[in-house]
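A, B, C and D label the chains in the order they appear, each numbered from 1.
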Amino acid sequence: MKYSFADDYSEGAHTHILELLAQTNLEQQPGYGDDAICIKAQGLIKNAIKNPHADVHFVSGGTQANIIALASMLKPYESVITAESAHINVHEAGAVETTGHKINALPAKDGKITAEQIQEFIDLHFPVHMAKPKVVSITYPTELGTLYTKAELKRISTVCKKNDLYFYLDGARLGVGLTSQESDLTLPEISELVDIFYIGGTKNGALLGEAIVINRKELQDNFKYYIKQHGALLAKGRILGAQFIGLFTDNLYFDLAKHANLMAMKLSKGISQAGYSFLTPSPTNQIFPIFPNKLIDKLKKEYLFYPWQKIDNNSTAIRLVTSWATKEEAVDEFLKDLQK
Amino acid sequence: MKYSFADDYSEGAHTHILELLAQTNLEQQPGYGDDAICIKAQGLIKNAIKNPHADVHFVSGGTQANIIALASMLKPYESVITAESAHINVHEAGAVETTGHKINALPAKDGKITAEQIQEFIDLHFPVHMAKPKVVSITYPTELGTLYTKAELKRISTVCKKNDLYFYLDGARLGVGLTSQESDLTLPEISELVDIFYIGGTKNGALLGEAIVINRKELQDNFKYYIKQHGALLAKGRILGAQFIGLFTDNLYFDLAKHANLMAMKLSKGISQAGYSFLTPSPTNQIFPIFPNKLIDKLKKEYLFYPWQKIDNNSTAIRLVTSWATKEEAVDEFLKDLQK
Amino acid sequence: MKYSFADDYSEGAHTHILELLAQTNLEQQPGYGDDAICIKAQGLIKNAIKNPHADVHFVSGGTQANIIALASMLKPYESVITAESAHINVHEAGAVETTGHKINALPAKDGKITAEQIQEFIDLHFPVHMAKPKVVSITYPTELGTLYTKAELKRISTVCKKNDLYFYLDGARLGVGLTSQESDLTLPEISELVDIFYIGGTKNGALLGEAIVINRKELQDNFKYYIKQHGALLAKGRILGAQFIGLFTDNLYFDLAKHANLMAMKLSKGISQAGYSFLTPSPTNQIFPIFPNKLIDKLKKEYLFYPWQKIDNNSTAIRLVTSWATKEEAVDEFLKDLQK
Amino acid sequence: MKYSFADDYSEGAHTHILELLAQTNLEQQPGYGDDAICIKAQGLIKNAIKNPHADVHFVSGGTQANIIALASMLKPYESVITAESAHINVHEAGAVETTGHKINALPAKDGKITAEQIQEFIDLHFPVHMAKPKVVSITYPTELGTLYTKAELKRISTVCKKNDLYFYLDGARLGVGLTSQESDLTLPEISELVDIFYIGGTKNGALLGEAIVINRKELQDNFKYYIKQHGALLAKGRILGAQFIGLFTDNLYFDLAKHANLMAMKLSKGISQAGYSFLTPSPTNQIFPIFPNKLIDKLKKEYLFYPWQKIDNNSTAIRLVTSWATKEEAVDEFLKDLQK
């Protein structure tokens, strides 16, 4: 096996982050995220999003972040509107439903839903008999690597306000979204548009860890009960804090994401030049080239990746993922092997 | 207001059923469905389905029957495959999700899903990351009034067995399904094809009450705990039993359903003859004519019914429902008013 | 078998209630409790409790009323404080926990908890790590037939307000409580003290039905979603409305309860005079005499009742329950048989 | 502040464990625990418990391990029997109830329940109306630091088998239990007695991580769905595996635990010699001395620890916890300060 392009969590952590963990390792600190390390990390994040009134909490993974954040926004009879391709709808083993809530999945071209779709869905609501929509959840970038524009998010935000809905953003890969050459958004701008979102660490250089940011005041109280109740309150919360100190110092979070994008763009360009097309154009670290099945069989012997969607009897879209750790030589090698 | 065609539960119960309630009213009986009246009703139903090994339980309503039956078949990480138009997916306020389970809603022409769709969906299952499909749930007749054929149900049953899925049938309007002129199924045949189903009483002449039938042995044990836990175990279970004695004596259940169908067919025929078409052809007691909006506005002043689906800017499909209690004069009057 | 003193739901409904059901039976009415019959019943109840601003909803049974009311008051991490002997803690198959909430069960002499106990429990709360108490739930009369005094309820109400807790009352047997010779409370007084309570119909002359009363404004909105979601929204809600019209016309609710108490007091007096003592003194329709096991074996041959608690190797407390339907001759016969 | 005896998770990880994380850090590995590192760790644990047929899964924390393991053993209407002082009953914010299950908490002298208590509780079960007990959950050592003897566990195991109950063990502090001078059990012996248990890493030298061991075959299938569904399936599962390789190589797990016990015994002995008594004798790393409140006020200025239980107006039991990282000088200093 030459290299894995299967995902962006095949390696451990960026070296700097491991060093930070080691540096503070034997300090005695309070448990459950009440430590000085987490408090420092929270401060760095509040600076980065330019919202001193936000609350920041750290949890271990993306599914955890999603179910906890959504549970905090929903009454038992309320539902979440999202794209049918959303991670919460497809790849979390029904975790949101496990907490008792229906997902209203809307058709989503390129993984994105629109303000108009949301309004139409709301207009069809039949009180008492249907679960009541209360949250719109989007992923940035989407599960297909695509990006909402600032204008699109503003329209969704407006629809949410008009219909008394919360706006939630799953930022598992927020870094590659914000640093994509096609993004027209900054971190503070994203933050200002939504009520709760999370900044993904696991897929951008941390061992584990996602930072949940709560902008809306009414959602901040008692949030930690939700974390505890779902088994997500780490005794040694400090290890999440330390990693986010690393990520939000000296621009590391964005630098790592830029590298991932750079590698993906190099891959995309090479694949295009070799004459292949894509399932959907992606300006971030997940790309979906369409290859002949024979080529895929050959590549599979040396590279790890997931088949994504059958196109016809002879060809299939696959998913290639790059990350902060992707080696440029591996990309070069893959492109060379493509042309053999 | 002249008449309501809004639903099939606008009246109370068939007179015979009220009489039965009165007859046994002051007998002392054990509570919670352990009474002689329920036992007699269970016997009548087991005879009617020709399965002496079935277990029969009575609950108050259809949503209750669905969530209890499904909960008894599903582990926490398992999901239900059904039509996107299914009552459990649209009109139960997220009740199935409240019990923790994801619904996998498949596109459904005329409210029906096919064995092929189910197999394709199963083939896409990605273990651990997706909720695991375990039950196929269909409605007979569907929410659009349509009927599965015996051959279609056999194919679904085969797919279920092949993939180790349970097969569940929501029989809220089972009577009008089985007595439709287009049905090629009998009650024992339906029963034999599925693992659990329920026979709807509320929409076919009872005050309230649905009879859940459990054919599969492994699902029978401890079922009553599910009923109790969901607040569905009536202290005076006898009142459900008495009603099903009424319904399953002297063919009443089927006679009432036949009347509902007859009235619907008369309505359909008249509407067709008046030159209107239908959203979908329905051989049961719910029909969906497409009318000009102006006509609808006029009819609304004298009749109750639900608008169902916008067709274009000038016309809308509405839903007309008949029942065991529908008066033929009301049907005649409606058809006359249509042509004014 | 001569007679059953097993419970207060061995018979059907009071004749007058059956008549009311028959009277309105063939009127066409809207479904789901939006009918004129329910609206009239709601008005009668709001008059009876002297709170025109209350919301009233009807459901089928007590467990249903409890889980729905509690779910509407609790966030996912919040818990209910109640007596360890409470129906919600012991005899609802874990229904409250099924909706995700912890019950904090306090030791309860005679089935009652005190304001002091509640405050002590609150004082031990350890934020984030313990479920957060939010509702105090009492039963009036308690599961042991005992009654809180007005002063006791006021103290509990004060503790609830002080600690920002809701106060809920399970009134499955409210009638026999309020009409007991030892009660110092009226229906409007009870109602004013609590945020939500329910008036039990099933155990006081109805076929089925409990009236949930919501006094607190903030708890009224969207309550019907909870009812629907738990499968408790009857299509023919009218049948619950009709029964409560019967119960709250011409004092029937209280007259029926008085009869039950009268029969229980006659039983108690006779048992005392025959030289037996009681597990706990009860001024309502459930009494708990302590009998020698030999006597119990003899009585069991002719009467139905539940053994309640082992006292020693030779004697056991049993539960005898009277109701609106209890025949005085049966009481006389039982007392005679006791002395044989 | 001189030192914290507040808990056994005030420091990060044992140095050797950090080194292991760094060593494998940049290897590409599959996600979600399917990596070579986890597989190696699972092998080491299966050796240590002497059960090659066990399944081993890694999760982040104790509450997570408990809710996932219990959810996998329980149907919706089933409950867990445990000690009233159990972590799952008191300090997990109602997490078990959040998954829908009732906890039957039994009075527990010294944190332990007995086989006799369990049988008595089972004997009182009233089918359908009570949640059905299905799992007995104990903590070893208990939350009060006490230990079950081999004979006690065997009796509980026998009662479980007799009543068709699963036997579960919360091993958050299993290391200090097994290495206590008062333990008469080995790791393989403990493992053989129970159906599922977990080996705590967080409180014994890991950054985070608990190893769930499933001995019972029928409980092994599809267990990973539960992990995923609760947001507990780490993308980089490797970091849990690496730590357990460290803990289960060269006896590290037991050596670290022995140190914690040694420090606790030194503290205990010193406190005894200083003339103080204990709430309950504890042979493990949590001890509960009773001090005058004035002394506690003085100690609080220099040491961190939790007050545990009010004894009388002048004295309180506090909890002192030692760990693998506790410095002997800190213990000496504390004992010296005690006598000032």
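Following the convention adopted for this analysis, a contact is a pair of C-beta atoms (placed from the backbone, for glycine too) under 8 Å apart; a residue touches a chain by one contact, two chains touch by 3 or more.
Just so it is clear, the structure is predicted and the values come from calculations on it, not from any experiment.
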item	value
Chain at maximum distance from chain C, centres defined as averaged CA atoms	A
Comparison of C-D and B-C by number of C-beta pairs in contact, larger one	B-C
Interchain centroid distance [CA atoms averaged], chain B/chain D, Å	50
Where chain C and chain D are represented by their mean Cα positions, the distance between them in whole Å	42
Inter-centroid spacing, chain C versus chain B (mean Cα positions, whole Å)	33
Overlap residues in chain B, where contacts from two or more other chains coincide	76-77, 92-94, 98-100, 128-129, 131-132, 225, 228-229, 233
Interface residues, chain D side, partner chain A - complex	3-4, 6-7, 9-13, 15, 18, 21-22, 24-31, 59-68, 92-95, 98, 202-203, 207-208, 225, 228-236, 238-239, 304, 325
Partner chain D, residues of chain C touching it in the complex	76-77, 79, 90-94, 97-103, 126, 128-132
Chain C-touching residues of chain A, taken from the complex the two chains share	32, 71, 75-77, 99-100, 127-129, 131-132, 222, 224-226, 228-229, 233
